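Take this structure first; my questions come after.
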Amino acid sequence: MNLLEVKGLTKRFGGVTAVNRVDFSIARGEILGMIGPNGAGKTTLFHLISGFHLGDEGHILFKGEEISSLRPDQICKKGIARTFQIVRPFSHLTVLQNVTIGALNRIPEVNLAQQVALETLRFTGLDKKKNQIGIHLTTPERKRLELTRALATRPELLLLDEVMAGLRPKEIEEMVRLIQDIRGKGITVLVIEHIMKVIMSLSDRIVVLNYGEKIATGTPAEIAKDQKVIKAYLGKEYAFVER
Amino acid sequence: MKFSVPSVAYSILGLLASLLIPLFLDAYYLHILISILFWGYLGSCWNILGGYAGQFSFGHAAFFGVGAYTSSLLFVDAGISPWIGMLLGAILALLLGLFIGYLCFRYGLKGPYFALSMLACAQMLQIIAVNWKAVKGALGVLIPLGDSFLNFTFKNRLPYYYVILAMIIGILILTKWIQEKRLGYYFFAIREDEDAAKALGINIQKYKMIAMALSAFTTAMGGTFYAQYYYYIDPSLSFGGPVSIDILLRPIVGGPGTVFGPLVGSILLSPLSEITRSLFRQYSGLHNMIFGSLLIATVIFLPRGIMGLVKDIGHQISKKKKVEPK
Amino acid sequence: MELSMIVQACVSGILMGGVYSLIAVGLTLIFGIMKIINFAHGAFMMLGMYASYWVFIYFRIDPYLSIFVSFAILFIVGILTQVFLIERVIDTPEHNPLLITLGLWIFLENLALLIWSPDFRTVKVSYSAKSFVLHDIIFSFPRILAFLSAFVFAFLLYLFLKKTDIGKAIRAISEEKIGAKLVGINVKKINYITLGIGAACAGVAGSIITPFFHVEPYIGEHFVVIAFVVVVLGGMGNFIGSLVGGIILGLCEALAAVLLPGSFKLLVIYLIFMTVLLFRPAGLFGKRTR
């Protein structure tokens, strides 16, 4: 059984269909990349899966269970955690407090949750900054905090929304390694990313969206050659006819 | 709960001082002390919902008044001890809080809309109280004077002091307890960013309701104290706008979301209020003007209140200490 | 309950509703641009009333002429409020501007109390008690004047928003702040002007009711509540909504006063407030969502 199955998912906002009958699935332990031009519906899809939006049609099944009408907090309890495209740290709390709140999802006792939070911070390399207040962090640190906090909720599926945006090459490398380590711990990851090189090297499979529709799925190699994908990103002129 | 040695020492010292000093004060200064603790208590009750969970209510007088009226009417009309009335009033306020909270939070009223809704509720209760004969309308309720512990009436001011002291110690302990448990962490998360909190598994509505319930229950108890101390309540004294504002002023100035913020705010503001009221009686409105200015000044210069400033300074000092030993 | 009583109530309600519309328009303008709920609005109105009162006492100028004085004074007060107070907290958590306007309200109200004492004052012009009767319905002359003034002023404001560059800038910002900035609109300057105009609306509304309403420091409290309800009813940030909402609320208030005992009319107003907030937060005409 696939960890996550999305079937025929549709979301409309007034006259705009942001997500149009999208189907895909994620297998346990996979890193699935999601790409597509701006406005393709990737973040909306995240909102749908994580419960922030209610789909108009379609189903979302997590471990075989229908979750499409659950609240975000219920979905987190089921085992799906997410980050936000524009990071949302708890600005007036310390890094440790931020992550502890994540850990409290599974561990109701504060002291134990704090231990888990510290472990998670060590895993993501932010433990030195544990007493820093949210607003005093740099952007890469905030992205890492967002990730750590989501991780601390002990998810089975982690949704990462453009965690690399705004990072420098070295920071991107670190983040890629981190995501691979996360998968190494048995957590399945769905990554939205714009940086092609990253997505191609990181993902086991890729889903491509355009104008709210899924236009391709496959391995990175397959996607790189897919005419529809090339057309979508670079325009018709670049889609060349194979002899 | 976490306690460090110096803080335990200070606490014990503070406790002893608060127990013994009043014995040497005359009625006027004792009244000021009671005032400080009273408003500090109410501010702390508000703080749970406002400072910690971040839901600013501009109408806490609703709960205050429910407490005051419940215990007073039960006492005056049915002879029931105000101590029991205090409990019953608190329960009623809790139910009211859950009702209002359910409506507001379910329909997503946040920030200024929630603040105004609470104000509207308090005003509605005031109107009902004025027009309802059964609760004595605009005449108000007069508590018979007495000197019996069972009836929560005392001839002397001193016993009242010890009662409010016990109450404020109680609320401070409750606040500290909340702060160190998951409840407090979740309140802070809701305050800081609701959507992020949801994504971390926090049921926003449930926790807001808990905050509301705790806040309403404890605030109502303060209402009973007020009735028994001043021996008189009426719709505007119980539900009026100024009451709601007085309740929220101290925690905001002193430091919302901190344990001692409301008390610190009260130590600053309450004597100001009492003294200007008695010394400058011909300049009525002066102390409120000062309050208004302080509120503005606090919001602009000290958005996290006095305790926020204290913590920042403490942070700076401990950072310097870390650097120096090298 | 005679029909004439109901009709009378409707007439008074509509006339008063015009004034409510004007106050609400100022409030909704401020909210539409800066997303701030201006608690000090009632205090601004109170200042307008005192301005007209003192101008009347010292210069014997009719309140309907001294509108310009209150307009000017409150316009400046509004700008000062924006520059020195609100601008400082404009990008901080939502409750900060709210607390500042609350503090300002308390400050201004009590300043008035201190300077002018709590005594009720009245402006008695020659036509204060004048009225004419039509089919058993009494039409109070000053109230009609007030209604007309409110209407004229609101109309002028409407033209201002529709036709002038500044007006268009204001509307642009209320619809799309970032876009407005991108096309070069000086948002800061427009904020100043908006608060000035908003405050001036309240001030003018105060002036026009002085011939038939007592002047005292706490008068603002009554009106600020009504203004909020009108704004919520009409849709926050919605100009026409406030105009219509004001009339509707004036009607509701007057009918409630006639049909219900005691001070229950206020209860009706608060109930309308809560109902709209809970179940139709965008208001009757609201186009913007919370």
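Letters A, B and C mark the chains as written, and numbering starts fresh at 1 in each.
Operating definition for what follows: a contact is a pair of C-beta atoms (placed from the backbone, for glycine too) under 8 Å apart; a residue touches a chain by one contact, two chains touch by 3 or more.
Just so you know, these numbers come straight off a predicted model, no measurement behind them.
The interface carrying the most C-beta pairs in contact is the one between chains B-C.
On a Cα centroid basis, the chain most remote from subunit C in this structure is A. Annotation: 32 Å between the Cα-based centres of subunit B and subunit C.
A straight line joining the Cα centres of subunit A and subunit B is 43 Å long.
Taking the mean of the C-alpha atoms as each chain's centre, subunit A and subunit C sit 48 Å apart. Of all residues in subunit A, none touches two or more other chains. Contact residues of subunit A toward subunit B in the complex are 50-52, 71-74, 76-77, 81-82, 84, 88-93, 97, 100-102, 104-105, 108-110, 113, 149-150, 153.
Those residues of subunit B lying in contact with subunit C across their complex are 56, 58, 103-104, 107-113, 115-117, 120-121, 123-124, 127-128, 130-131, 241, 245, 252, 283-286, 288-289, 291-296, 299-300, 303.
Residues 37, 85, 88-89, 92, 94-96, 98-100, 102-114, 118, 217, 221, 225, 228, 261-264, 266-267, 270-271, 273-274, 277-279, 281, 290 of subunit C are the ones that touch subunit B when the two sit in their complex. Put simply, subunit B touches subunit A in their complex at residues 180-182, 185-186, 188-189, 192-193, 195-204, 304.
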